[in-house]
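Dropping the structures in below, format is C-alpha cells.
The same subunit A turns up in both complexes below, where it pairs with subunit B and then with subunit C.
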Partner chain A sequence: MNQNVILQIAGLYKRFGDFTALHSIDLKVHDGEFLAIVGPSGSGKTTLIRLFVGMDEPTDGTIWLRGQRIDTVPANQRPTCMVFQSLALFPHMTVGQNIEFPLKIRGMKPAERTARALELLDLLRLPRSYHGKRIHQCSGGERQRVALARALAFDPEILFFDEPLSALDYRLRKTLEKELKDLHARTGKTFVYITHSLEEAMAMSDRIAIMRAGKFEQIAPADDIYNRPVSRFVAEFMGEVNLFPLTVEESGAASAGSFTLPPRATARFGLVAGDPATLMVRPEYIGFVGAGTETEPDLSVRGRVLNEFNLGSRFQYEIEAEDGQRLTVETQRDERFGGAIGDTVTLGWAIDHCHVIRGE
Partner chain B sequence: MNPTRLTRAGLLAYGILTLAFLYLPLVAVGFASVSKSRYLSFPIRRYDTGWYAEALASDTVRDLLLISLKVAGIVTVVSMVVGFFGALAFARYHWRFRGLFQKLILLPIFFPQTVLGLALLMWFNAVDIVPSWHTAVVAHLVWISPIATLIIAIRAYSFDPTLEEAARDMGCSTLQILREITIPLLMPGVVSAGLFAFLLSWGNFPLSLFTTGADSTLPEWLYAKMVSGYSPLVPTVGILTVAGSAALLAVALIAPSIVRMWRRTPQA
Partner chain C sequence: MERLDRRLGALCATPMLLLLGLTFLAPLVVVAAFSIMPEKVFDLWHQPDFSAYVEVIRQGYWTSVAWALGMALVATVILFLICWPLAYAMAKVYRRFTLVLTIGVVLSLFVSENIRLFGWVLTLMKGGLIEGHLRAWFGTGFDGLLYNVPVIIFGLVYVYLPFMLFPLAQGIAMIPDDARQAAYDLGASRRRVLWEIDLPLAAPGIVVGGLLTFVLAAGAIAESKLLGGQAVIVIADDVETAFTYGQNWPLGSALAMVLIAIIGSIAIVGVSRIDLDAIMGRRR
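Moving on to the complex of A and B:
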C-alpha cells in the first residue's frame, strides 16, 4: 500500500467545559487506506470525526491534510465529506437530487450532474430508475447506498463514516460491510470509519485505532490488534479472551494460578522477576487434550466443563480450572467436545499462541 | 371487539348532531341574507338576492373588504417571516435565553384580546400615533405572530439538525443551507401558519375595534350595523366574509395536489 500520509493530527485537544473529550492525540492516516477508529461510546471517536470535517473546532492542536493546515478552514471549504449515522438524506429531495446536491452547490450544469448521478447509481448497484424516487420510498440498505453515492459525488479527499451501519439488522449490515470494502477497493479513496463494533472494524479495515477515554490505546493492523494487544482493555474489547495474571519468580518460571509458565517461555517474552504482566490466550487456540492427542501441549490446565454454547460455525465452552479460574474455549464444529457437562477435562495450548501484556 | 350496528348508528347520529349544532347558525345567517324583509324574522316569507347585488355594488362594502384584505394580507406575510425565524429560535437552536423567550412569546396569547387592544390603543396615544388600519396591523401581529411561531416551531422540533450539518459539509454557505434545506423543510409549517394568520386576522373583532381608529374592518362594521341600522345587508356581508375564508381554505386544500401534479410532469 501507498504509505503517503494524507491526514495528520498532532497534539489534538478538545474540551467541553470541564470535560476533556480528547487528550492530546496524534495520528497519521495513509493515502488510500481503510482506517477504523473503534471505541466504546464516550471514548471521543465522534468528537474526533467532527473535528476532522470541521463541525467542531479543536481546543488545541493541528490537523493537516496533504500537508495543508485545515483545522482553521470552515467545514464548507474542506475537501472532506462525512456519511452520518442518521445518513442525513434530504427528505424533500429525490434520490437523484440528493446525489446531485454537492454538484449543484459546486455549480455543475444539470445535464452533467444527472449523468454523474446515474454513474454513481451504477457504481452502488442501484437501478437507474431510482433517480426519481423519493427517499421515503427506499429501504434501509438502499438509503445507505444513496448516502454513499452522495458522498462520492462530492469526491472528497477523505471519506469519513460515523457508524452508518449501526441501525441496520445483522444480515444487511454484513452485506453492506462487504460492499463498503469492495467500494473502497474500487474507488481507491481513503476511508476513515468510526464504529463501536469490533466485528465491523475487523471485517473491513486495513488498520484499526482503538480509542479509550479520549486517547488512542493502540493503532495497528487488525491482526496485530487481535493477537498482540498492548493492554487488557484492547484484549477484552477485541472479542473473547483468556487473561491470566502472571507472577514471575526468581527461578524464571511464572505462576499463572492454575498452570506454570516454564523459564524458556518467560525468557522468550523477556520477563524478569517482579515484572507485572498478564498472559493472553484467545479461546480458539485452546484445545481439549485427549487420548488421541499425539504431542504433549506446551501448557495444560485441568478443569471441569461448566457449559457449552452453540455459536453456529463453532462451539464455545466455559471451563472452571481446579483453582476456580474460568476459561473460555472455542472449537470448530467438527472438533466439538464429545463428553458431557460436568466432565473433567485437560486443556492444552502452545506457547506460540500466547501473548504477554505488560503492566498492571 | 367490533362495534355493533347500534353503536355505529349512535355514533353517526352523534356526529351529525354535532355538525348541525356547529353549522346550523351559519345556515340561518345564509337564509337571513336572502330575505326581502328589512327585519330579521323567521320563517322567511319572501326570498330576494337583491342584497348581494347591493353589497357588491356598495362602495362602503368594497372599502371594508379592501381594508380587511390589506390588514390580513400584511399580517399573514409578516407573521410567516417573523414566525419562521422565531420558530428557529424557539425550537432549533440552543441559546442562553431560550427558556425565557419560549415563555415570553406565549404572553400575548394569554391576555384577553380586549385588554390587549385597549393597552395597545393607550400606547399608540401615548406615543402620538393616530390609530388607523396600519395600527391594527401592528395589533394583530402582536397576537398572531406568536401563534404563527408556535405552529412553525412544531415543524422545527422534528427537524434533524444533521441535515444542515451535512449540507455545510458538502460545501453550502449559511445562505445556501437556508435556501436549500431549512426553508423547504419548514415550508409546510410556514404555509399552515400563514393560513392561520390570515383567518385569525380576517375574522378578528376585539383587537380591530380598539386599534383601527377611523377605519373599519368587516367584523367591526358587522357589529356596528347589528347594534344600530340592521338590514339584510348585514348577513349578506357576513356570508361574503365567510366565503372569503372558505375560498382560502379550499385553495389550501387543493394546492398540495396541484403542486404534486406539477412535480410529476417530467421537466426537461
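Moving on to the complex of A and C:
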C-alpha cells in the first residue's frame, strides 16, 4: 500500500435543521487501502458516505479526490461509486444488463460491454451463464456479487460500501467478507467500507475509523484500535473489555479498587498524581492463577465466578471481584476453568497487556 | 385446510361472478347475437347472416372508428405527458399535499360528467364566460371555442385525468428510490435515469393508466356531442344513432362488436405485455 492520499476531507459539516450530523470531520484515505468506517447507528457514517458519493451536499467543508474538489460535483459526474445496503440492483434488467449499465451509459459498444461483463462475472466467481439470468432468480450472495460486479464495471477511483453485508446470515457474511478482502487485493482499488460491525471491520480492513456522534473518535490500524483505544467508547465498541478507573497517588502507585498498580507501571504509562485515567485489559489476556501457575502475575484480583459462557472457540467467564467490580475473562478451550460456578478464584495478567486510556 | 380455503375462495367469489355474468356477460351475448341478425329485426328468431357487418363496411363507418380511436390516442398521450410530473410529485415529492390533491381530483368525480361538460360549454361558447367577457372589455368577439376537434380532445383530457393520474402515481410509487440513486451514481444523467429506470419500472402503472384512459375515451360520447357538436361523429355516436333514430339494432350491434373487438384486442395485448410480477421481481 502506498501512502498517496486519494481522498481528503477537511472541516466537513452536515446539518439537518438543528441537528448536526457531521461535526467538523477530517480524513485522509490512502490510495489502494481498505478503510472501514465503524460506528453505532446514528453516528453519521451513512451521512458521510452520501456526501462522498454526492447524494448530499455538505453544509460546510471540502472534499478532494486526487487534489480535485468534488464536493460540488454532482453524483453522476464523480468517479466514485457505491454499493448500497439494499444493493439497489435494477429489478427489470438481467444480471448482464445490470453489470453493463455503467458501460452502456458511457456509450460502450454492446459487444465490448458483454465481454467486460463476462470478465467481471469471472472475477466475482459467478458462472458466465448468469449473464442472462434475472435478478430475482439469484440468491442473496449472488446478488451481492452482481452488485459488486456492477460497481467494478463502473471502474471507480474509490468504491464505497454502505453495510452491504448486514442483511445476510452469518455464514454467508463470513464467506463474502473473505471474498471482499480477496477482491480488494486482486483489484488494487481503494475501498471505503461502512459498517456497524466491528468484526467485519477487523476482518477486512487495513485501517479503521471509529465514528461517534458525527465525529471520528480514532483512526488507526485494526490492531492499534483494538489494543490501544484512545477512549472508553472505542475500547467498549471494539468488543469485550475490562476497564478500571485509576486513582494515581502521590507515592506513584495507582489504585484500581480491587488491585493496585505499582509505581514502576504508572511510571511506564507516564501517569502522575491526579491524572484521570482508566486501565484497560482485554478478557483474553486475563488468566486463572492456580497451583500450576509457575510465575507470579504482575497484577492479580480475587473474585467469585458468576457465570460461564461457551463461545464455541473460547470460554467466557463473568467474575465479581471483592470490591464488586465485574470482570470478563476469556480462555482457550483447553484452558477451561475446572471449578464450579460460585468458586472463589484468583485472576492474573501482565502489565504488558494493559493499556491506559487518559481522560475522564 | 388448503382445500377448505380454496372452496371458501370460490364461495366468496360466487355472488360477484353471478352479478358479472348477469350484468356484463349477458348483454354482451345479446349484442353479439343481434349483430348476426338480418337488418331491422327486433328479436333473435331469424336466420343468422352477416348483412349488418356488410353494412358497416359499405356505409364507411370506419371514419367514425378512426376519429374515436385517433382522438382517444391523442388524449391518452396528452394525459400521460400532463400526469407524469404530477403523479411523480404525488408519489415521491409531496407528502401531505398528495392527500389534498387526491381528494380534490376525486371530488370532481362526484359531479356528473355531463354537468361538468355543460360547465365547459357555458365557459367556451359564443357569448359564454370567455368570449362574452372579451367582447364586453374589448368590443370585438369571436365565434366561441366550441365545435372543433381540439375542444373534444380537451374534454377527453379533462374528464379522464383521474384515470391516468392515479394508476401512474401508483406505478411511480413502485420505483425503488435507491435504484434511481444507484443509476445516477453510476453516471446516468437525469434523462437516462428517466429512460432506463423510471419508465420501465413504472411500466405497470403507465400501461394501466394508458389502457383505462384510451378505452374509456374511445367509447366516449358526451365530449364529442356536447363540446364537439357535429364537428366529427365518433363510433359510439353511430352506435347510439343506430339503436335509436335508426331503429336498426343489428347494425348498432355490429358496430358495437367492431368497437369491442378493436378495443378488446388492444387491451389484451397491453395487459399481456406487462407481467406485474416479472417487472417487480416478485416472482419467487
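By our rule, the second predicted complex is superposed on the first by the 360 of 360 C-alpha atoms of A that agree within 3 Å, B and C clash if a C-alpha of one lies under 4 Å from a C-alpha of the other, contacts with A are read in each partner's own complex, and residues count from 1 in each chain.
As a working rule, contacts are C-beta pairs under 8 Å (C-beta built on N, C-alpha and C of every residue); 3 or more make two chains touch, one makes a residue touch a chain.
Every value quoted in this text rests on a predicted model; they were computed, and no experiment measured them.
**Q** With subunit A superposed, do subunit B and subunit C clash or fit?
**A** clash
**Q** Pick one for A:92: touches subunit B only (first), subunit C only (second), both, or neither.
**A** both
**Q** Pick one for A:135: touches subunit B only (first), subunit C only (second), both, or neither.
**A** A:135 sits against subunit C, while subunit B stays out of touch.
**Q** Scan A:84 for contacts with subunit B and subunit C and give back first, second, both or neither.
**A** The answer is both, since A:84 touches subunit B and subunit C.
**Q** According to the stated criteria, A:101 is in contact with first (subunit B), second (subunit C), both, or neither; which is it?
**A** It touches subunit B and subunit C both.
**Q** For A:186, using the defined touch cut-off, is the partner it touches subunit B, subunit C, both, or neither? Pick first, second, both or neither.
**A** A:186: touches no partner chain.
**Q** Just subunit B (first), just subunit C (second), both, or neither: which does A:154 touch?
**A** Both subunit B and subunit C are touched by A:154.
**Q** Under the contact definition given at the top, report the residues of subunit A touching subunit B in one complex and subunit C in the other.
**A** Common interface on subunit A, subunit B vs subunit C: 53-55, 75-77, 80-82, 84, 86, 88, 90-92, 101-102, 105-106, 150, 154.
**Q** Quick check on the complex: what are the subunit C residues that touch subunit A?
**A** Checking each residue of subunit C against subunit A gives 176, 178-179, 181-189, 192, 196-197, 200-201, 203, 278-284.
**Q** Considering only the defined contacts, which subunit A positions touch subunit C in the complex?
**A** 53-55, 75-77, 80-82, 84, 86, 88-92, 101-102, 105-106, 134-136, 150-151, 154
**Q** Name, in rising order, each residue of subunit A that touches subunit B in their complex.
**A** 53-55, 75-77, 80-82, 84, 86, 88, 90-92, 101-102, 105-106, 150, 154
**Q** List the residues on subunit B that touch subunit A in their complex, please.
**A** Spelled out, the residues of subunit B in touch with subunit A are 160, 162-163, 165-173, 176, 180-181, 184-185.
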